[in-house]
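My questions all concern the structure below.
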Amino acid sequence: MARIELKNVKKSYGAVDVIKGVDLDIRKGEFMVFVGPSGSGKSTLLRLISGLEDITSGEMRFDDQLVNNLVPSDRGIAMVFQSYALYPHMKVYDNMAFGMKLAKAEKAEIDRRVREAAKMLQIDHLLDRLPKQLSGGQRQRVAIGRALVRDPRVFLFDEPLSNLDAGLRVATRLEIAKLHHSMEDTTMIYVTHDQVEAMTLADRIAVLRDGLLEQVGTPAELYERPNSLFVAGFIGSPKMNFLTGKFAEAKGCKTLGIRPEHINVVAEGQGEWSGEVLHAEDLGSDNFLFVEIGADEPLIVRQPGKLKIALGSQVSLQPRPEKLHRFDHNDAPIR
Amino acid sequence: MQQHKLLKNIAFYALVIVIVVFAVFPFYYAIVTSFSTGSQLFQVNYWPKAFNWANYEAVLGGRNFPRSIMNSLFIAGCTVGFSLFLAVTASYALARVRFRGRGLLLMTILAVSMFPQIAVLAGLFELVRFLGIFNTPWAMILSYTIFTLPFTVWVLTTFMRDLPVEIEEAAIVDGASPWVIITQVFLPLLWPALVTTGLLAFIGAWNEFLFALTFTSSESQRTVPVAIAMLSGASAQEIPWGPIMAASVIVTVPLIVLVLIFQRKIVAGLTAGGVKG
Amino acid sequence: MTDQVMAQASGPSLQQRRQRAAFWFLAPMLVALFFVAAWPLLRTIWFSMTDATLSNLYDAEWIGFGNYLQVRELSSGRTVYRGTLVDPDWWNAVWNTVRFSFASVFFETIFGLIVALVMNAEFKGRSIVRAAILIPWAIPTIVSAKMWGWMLNDQFGIINDILLNLGLIDQKIAWTASPETAMTAVLIVDVWKTTPFMALLILAGLQMVPRDIYEAARIDGINPVKVFFKVTLPLIKPALMVAVIFRLLDALRIFDLVYVLTPNSSATKTMSVISRENMIDFDKFAYGAAQSTLLFAIIAVFVSLYIWIGRVDLSGGRD
């Protein structure tokens, strides 16, 4: 329900600047994902929005209201933590009801909201259990349920999936996506270092690096038109290939980027580049070829379907020209 | 090779037995002595000859020793309760809130816990007299705070520091004030630490001698250690070893039972604080 | 402009609120510590510079450092020194305390290491050993003093009996009464009582040494004695140092054991004992206060050493 505006927000711990001036406008009902490598400041930014940390300078507004000094519980936020952070000595019901009890809500109202949230997340049969009697996935649901009960304006997620195993992670990701669709008015901010999570969940992604925003945009924008070499390398899996030296000079740039899926294997002598296949990974649906073409690192080529290419054989490769990314000396794109 | 290993094992277990015997024998011998009376005392007995409860009856039947036990229980109980009450909030502030001077404050508290008690004796003596609590339990409750309070603060701070940060932050988001966080979130998680810390502080207060010796003057106000140290017989030459051992066993058995029940937690508490009990 | 009004209306930030709460949480403890520690200490130091007596605390007169050292020129031209610093009894007590502290900590460390190494091994009955060594620690000092006093009794003591039977001595020894053996008696009891504490601290250090180091050493066929001196000891040295200094501080202030086990023996009288004796028993209140102030100064030096060597994590948190 809230629009969040950050204006030149900075955060420093003593002499160390963690957030170095961030301007960001998060729209009402948007699913915004903060992504970046560790130490980029993405979690700090989330904690500034939550109010758990004070901002050093700048302005933060929720729906045009300045919230710089507002304590977390007055901001209308709810937060799902990485370790779930359930109160170990309280039953699931009390975990979910704790915030409303502290806000002195009526008992019947608390009960209604807790049961509603529990039903929505299919944990209504667990309400009498203690957190230690639950599985990791169930704990995650309770943590989300606790946040739901607060009926927040803004829903904050701090790497909520990183403690789950791979299978559960995909399932919970889907749950969170469904949750977002069912709560269209609620703004959600989600922190992750996993760009796949970012790409699949986000309406928009904010890429952070060293306490600064590198680029903000929809997943497609970031994928197709990265604003810097860093974003180009960070978004997409497997990573974009970067070529320098003569390969880049041939296209009039410092660094040439091409995603593995945008390179075709063509008939002998027809491609721009050619080289020896060092290694091949067959994932069933796709093949990844690692080809030595004389660049700094082997070129990764993604080919759909079955492909019979022997290791050590020579292949000819042709990049799709409209998918080439060219970067100048400042790592900025040339368009 | 096989023989070598066997020999090593025998030597190891011999060492174990030596350690256990050294640790336990004096207390065992005190028990043996406490059941001996009269002339039995004047011959060395390695094994109990008889179970004569006369010494126990003499000690517990007297007017002053039971009072000393009650004094000690009251004093140690009050001291520990008071210290824990102050230490819980203080250790939250020290472990959980960032503020300037926190390091210095912790260092000061650690330093106070290593204070030589004798250094404050003169000043405390004056304070006790000024407050008019000389020769009352309150003199001990006041003075024991000097070692129980820094100890409980220090140990609870180390325990409090280990509680997960995110749980506290979840509570903050839920709208909990620091007081609510302590009482409704942390205390239920900390009670094992509280029991351990309280027990260690209790043992410290129960065993204290210097203040209790200096701040009491009448037999009825003595604590257990002073009473045992002052236990005398009919004449000055004759030390009543039987009753002394009986009294010693009476005040030690509950401590040993408690310590053995809580031994795992006590070891954790001792090493967490790096402080003596 | 309106923004500023709203910022003010929303009041202090979370950190500010927490810091304010922290202040109120700390205040009662600080007040209590002030009254039981800081104030009495200051008063003790003040008394040490007066001529106060037990019966006359309030009309005491300021005499400066007279209780410590006083230099007087007699009319005969002779200079006379008086005060604690030239008092042979005091220096005897200092010597006793230092002797006792270093000897007891030395033996405790050796025995504590042995016990800790035994408890660190995996064997049946390990829990029995742990329970057993906790017993001396749990017994009140006064009780251990009395128990050992009885065992070390010259006529009927079991120690003399054992030693006679083993042929180690040929006549009974008055352990606690005779000046030659009184210190040994005190040391025996103290080492018996405090070795468990030492062992537990060292054991905690030992348990932090990763097991695979030992396994790697065994696979390499290194002699266990060599492993101990080259690997284990350096790794537990920090924990050991902290424990040693800690025990040293404790030993320097010893009072109860000496007072009860060897009363009035000048061979064992420590700084704490002599200070209290002067203060309370001999009605030389100020003189005793001066002596306890000196002990405080000595211990203060060791405390700084402890904090410096221990490098205790005083930052207090994860930040």
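So that you can tell them apart, the chains are marked A, B and C in the order they are listed, and the count of residues begins at 1 in each.
Keep this in mind: contacts are C-beta pairs under 8 Å (C-beta built on N, C-alpha and C of every residue); 3 or more make two chains touch, one makes a residue touch a chain.
Chain labels with UniProt names: A = ABC transporter ATP-binding protein; B = Carbohydrate ABC transporter permease; C = Sugar ABC transporter permease.
Everything numeric here is computed off the predicted structure, so don't read it as measured data.
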item	value
Graph class of chain-chain contacts, one of line, ring, star, complete, other	complete
Comparison of A-C and A-B (more C-beta pairs in contact)	A-B
For chain B paired with chain C, centre-to-centre distance based on mean C-alpha positions, whole Å	16
Gap in Å, rounded to a whole number, between the CA centres of chain C and chain A	56
Residue list for chain C, restricted to those that touch at least two other chains	14-15, 17, 319
Where chain B touches two or more other chains, by residue	172
Shared interface positions of chain A, touching two or more other chains	52, 71-72
List of chain B residues in touch with chain C within their complex	12-13, 15-16, 19-20, 22-24, 26-27, 29-30, 33, 41-44, 46, 86-87, 89-90, 92-99, 102-107, 109-112, 114-127, 129, 142-143, 145-146, 149-150, 153, 157, 161, 165, 172, 177-179, 203, 206-207, 209-210, 213-214, 224-226, 228-229, 241, 244-245, 248, 251-252, 255-256, 258-260, 263, 266-267, 270-271, 274-277
Sites on chain A touched by chain B in the complex	50, 52, 71-73, 77-79, 81-89, 98-99, 102-103, 146, 150
Residues of chain A defined as touching chain C within the complex	13, 51-54, 59, 65-72, 74
Sites on chain B touched by chain A in the complex	164, 166-167, 169-176, 180, 185, 188-189
Complex contacts: residues of chain C adjacent to chain A	3, 6-7, 10-17, 319
